[in-house]
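What follows is a group of structures, each given as structure tokens.
Across the two complexes that follow, chain A remains constant while its partner is chain B and subsequently chain C.
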Partner chain A sequence: MFEARIDASVLRECIESITAVVDEGKLRIAEDGLKLRAVDPANVAMVSFELHRDAFDDFRFKSESGAEATAAAEVGIDFVKLRGILEIGGREEVDLKLDEQAQKLFTRMGSLAYTISLLDPSSLRKEPKVPELEFPVQVIIETEEFRRTIRAAEKIGDHIMLGVDGEEFYMQVEGEMDKLRLGLRKEQLIHLTPGTLHSLYSLDYISAMSKGMSHAANITLNLGKDYPLQVDFEVAEGKGKVSYLLAPRIESE
Partner chain B sequence: MGVNIGELVEPKETSLEAISGKIVAIDAHNTLYQFLSIIRQPDGTPLKDSSGRITSHLSGLIYRTTNLMEKGIRPVFVFDGKPSELKGAVTKARSERREEARRKWEEAKLRFPEEALKYAKASARIDATIIEDAKTLLTYLGIPSVQAKAEGEAQAAYMVQNGDAELVSSQDYDSLLFGAPIMIRNLSAPRRKATPEVVILKELEETHGITREELVDLAILIGTDFNPGIKGIGAKRALKLIKEYHGIEKLIEASEIERIENYELVRAIFLHPCVNESYEITWGTPNEEKVKEFLCEEHDFSEERVSTALAKIPRQKITGSQKRIEQWL
Partner chain C sequence: MYRLCIVCKGSRLLCGRKTCPLLAGLRKTTKFAELSDTKEFFGPSTSIFVGRIGYPRVRVGPMTILEGRDSDVELERFEEPSKWFAQGLGMDEIVELRSATLRSKHGEHIKSRSNFVADMTEIALAKQPVDVELTFKSSPTFNLSFSDLLRPIGASVSVETMHVTENPKIPKKVDRIVSDEFKVSEAAHELYDLGLDVYKVAMILSSGALGLHNAQKMVPTRWSITATDDTIFKKLAAQLKEYPPVDSYSVYESSYMDNHFLILLMPSLFEYENFEAWFPGSVWNDACYQRPVVVEEYEGFKGRKQYAANEGGGYYAARLAVAEALHKMRRQAGVIVLREIHPRYSVPLGVWVVRETARDAFRKRGERFDTKKEALNYIDSRLRANEGMRLGLKDFEVLSKILRQKRLTDF
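Entry: the complex of A and B
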């Protein structure tokens, strides 16, 4: 049994952070909130999402398979569809109700009721393993600064270099004709681990991700040399956490 | 060389610009042969370095290939592997013809200089050194080479079918018999001399209402690199016969033709060629120092011209290869 009520714009922010990487996935509903971990179809990026029950105005969950506190319901959700519904609904409260037997999720916003059929979890990709990564460098930057650079970069090329050179963090794109570089000194950032390294990433992915993080004030970039990028940020005013993991492009010799 | 179905083919003119950005699988043997026969001095003498070694093929590779790359075309050279045993007879006839041409060239050089070039062209031959030189230069230029198991054209056609390249570049229509969906001719020819043209296999089949299998049988009737064909049957007659009887067996049954030696084997060479499935195509950055060392120091090329050619190669974008996330999970 799962019934909950949440601010529609908060839920929308959460769903948008997921759809920046995947269209659908297995959402795990438990006593303490919602969780998801999913890899995109091309196996290039992963999203980890957690939303604590405190983000909800009302949150009731009881496992149908047992009364254990650790038990969870796993439901296959088409997040793009859910986002579409939330876009229609506006800024009201959303009531959510899960019918596991019928494999339906009922949503209600004011007088608008919308029933979503759940996806068969067996048709969805297996939940990926938890990555074990060690990042030598961490940069905390204002989200808007990052997003603005990505928007400019999209006009120039299809991949972007993120790196640290001493006490400077830089983002650099080289297209056929143009070049763009953003360099920020340690004092212009919220945090920076000094070092010398860089990696190259697909702009398609980063630019999709940058849309998913638009509500967060700051983001944490975890970097290595020819290593995945992990971007961490908060959603639902700190009651939720999102991490994106993006595999690098390795430069050819 | 190759099958003589020119009469049946209606190539469409194209331009280098039109195929910009495309990956072209180039039949290396065919292209090197073109370079060796065309790139010559007015009296027919091939280009040579100060030690007398032929350099026409290297000249073609550096100047013509960089021209293609300047237009954004991405060449992959496909080298022949072991030739089919059936090719033996044809190859032998060809080398005899070449010897004959060489004799006539030597003669003509003395007596009719204007005739000499014709014979000189026909005497061009490709040996192991020429192949090695070409591979070395391509490596230095960062241009990928693929080694075929047998026929280079079969390999090139396979790569296009596989989606790893978009066109086969060859002068021979054999590429079509090997199933190349689309081929381009005159790609490496000097610009003013011949316009690049494309032939689309599907269009050829539709124009004449025949299948690729029938096209191969048709070619066998005329003669291919692997069989001499039937005397007196040209492309038009062969087309008529194939459209009426649909295959060599039926033609024999109907006593239209007598036996054709090895036709089943030749058919298999074209329809089920032996190909290298584990090839890799990677573009590198040109190693300018090595290119100059090889061309200018070893083979007396002009450093200035080589520099100009190298500058035409688009600066390799550091796109790199996208890794998958699983590697870190």
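Entry: the complex of A and C
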């Protein structure tokens, strides 16, 4: 049994952080809140998502399979569809109610009721293994600064370099004709581990991700040399956590 | 820009000229020029043609065969690229064959429901060639014309009237589909499922027979070809994206008229990348560039939203052939198509060359490999040198979205 009530804009922010990477996935509902981990079809990007029960105005969950506190329900959700519904709703409260037997999720916003059929979890891809990674460098930056640079970069090329050179963090993109570089020194950032390294990433993926993080004030970038990028940020005013992982591109010699 | 001609392929006149100088250079008069005094024509029509210039007021009409009546030639031969491929016709033979085609032009609005248009639609739907009587407005011109997308056309003429002299035989099932209230894409799928090849489906689409009845309109032949490739692909793709991935790396290969294809299937969910490498002297790489020019287009699992402008119709034709093959295997895959175009492909014959050669690659057994590295090494060894000029796999790799992207599973 799962019934909950949450501010529609908070839920929308959460769903948007998921749809930045995947269209659908298995949402795990447990007593302490919601969790999801999913990888995109090309195995290039991953999203890990957690939303604590405190983010809800009302949260009731009871496992149908057993009484243990660790029990959870796993439901397959088409997040793009759910986002579409929330976009109609506006700023109201959303009531959610899960019917596991019928495989339906009931949503109600004011007088608008919408029933979503759940996806068969066996038709969804397995929850991915998280690679074991160690990041030598960490940068904390204002989200808006990051997103603005990504928007500019989209106009120039299709991949972007993120790196640290001494006490400077930089983002750099080169197109056929043009070049764009953002350089921020340690004092212009919230945090920086000095070092010398960089990696190259596909802008298609980073652009999509940058849309998913738009509500967070800051983001933490974890970097390595020719290494995946991990971006961490908070949603739902700190009551939720999102982490993106993105595999790098191979640089040309 | 050095890639201009390769991206344009004579279709969009990106150089700013009024006609494509590369295509104009290929113009030549056909042996039928002696018929230039004729004012009328009676003979078989095998297809229809809808122009694009002046859209939505375009010039449309039946395509007829100049030597079809008295000789006992097989009329289907003039229209069926799959047969040309199967019989291994060369460039000259195809040009020769198509030089017997006459395109008639009659001004019509794409939404017109005139008798002329109704007759054209029947010709498009008919199972066999239909005899027509045409009266000309002017003298025909007997210049062969070529395009990146279309089969060559031998002659053209403005016509005053058309009279269909027999009852076109329209298959019942086809008739049922076009009379029903189907949307264009649904109707196109239905026709394809009946076993009609994309050439016929595209012709029916261009005739304006498809779509909800109050929205029906003719579609320029050029556009109908890529639209059909794209529509049928989308249907196949929706199904094949549910299939399990292939379990090893395999490379398929075929070559036709100096178009050399290597197709790599990789175990992953569907994604698709297509390369064209135009060698100096091949159609769109006028010999002024010293090096082969490589262009690339890519789409991920979710599909693409923008037109594949770097490659145009060839991208869609090859993608359809790949989807047909995967659908038959009941598998999905990550796909890379390499197409090398060598100098003997000096005249553009239409996008069917791409479709048929790519289809043929899958008729043969592919070479299987356990690792990506082995598969790529094999491809590298199969790329063809031309006059000492040779591309290696790394020339494609640097541009590749698929090969240069690491996966999370690599860590």
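In this section, the second predicted complex is superposed on the first by the 253 of 253 C-alpha atoms of A that agree within 3 Å, B and C clash if a C-alpha of one lies under 4 Å from a C-alpha of the other, contacts with A are read in each partner's own complex, and residues count from 1 in each chain.
Keep in mind that, in the parts below, a contact is a pair of C-beta atoms (placed from the backbone, for glycine too) under 8 Å apart; a residue touches a chain by one contact, two chains touch by 3 or more.
In this text the structure is predicted, and so the values were computed from the model without any measurement.
Overlap between chain B and chain C is detected when the two structures are superposed via chain A. Residue contacts after overlaying the shared chain place A:247 against chain B and chain C alike. Once the two complexes are overlaid on the shared chain, A:87 sits clear of chain B and of chain C alike. Looking at the shared chain after the overlay, A:174 reaches chain B, while chain C stays out of its contact range. In the superposition on chain A, A:46 contacts both chain B and chain C.
Contacts of A:58 after superposition: neither chain B nor chain C is touched.
Within the superposed three-chain model, A:237 lies out of touch with both chain B and chain C [touch as defined at top].
Taking chain A as the common frame, chain C overlaps chain B at a single listed stretch, which among 171-179, 207-215, 225-233 or 279-287 is 279-287.
Chain A uses residues 39, 42-46, 128, 131, 133, 158, 202, 227-228, 245, 247-250, 252 to touch chain B in one structure and chain C in the other. Residues 23, 39-46, 128, 131-133, 158, 202, 204, 227-228, 245, 247-250, 252 of chain A are the ones that touch chain C when the two sit in their complex.
If you check the complex, the residues on chain B that touch chain A are 282-285, 316-329.
Here chain C touches chain A in the complex through residues 268-271, 300-302, 334, 398, 401, 403-411, going by the rule given at the top.
For chain A in complex with chain B, the touching residues are 39, 42-46, 128-131, 133, 157-159, 174, 176, 200, 202, 227-228, 245-253.
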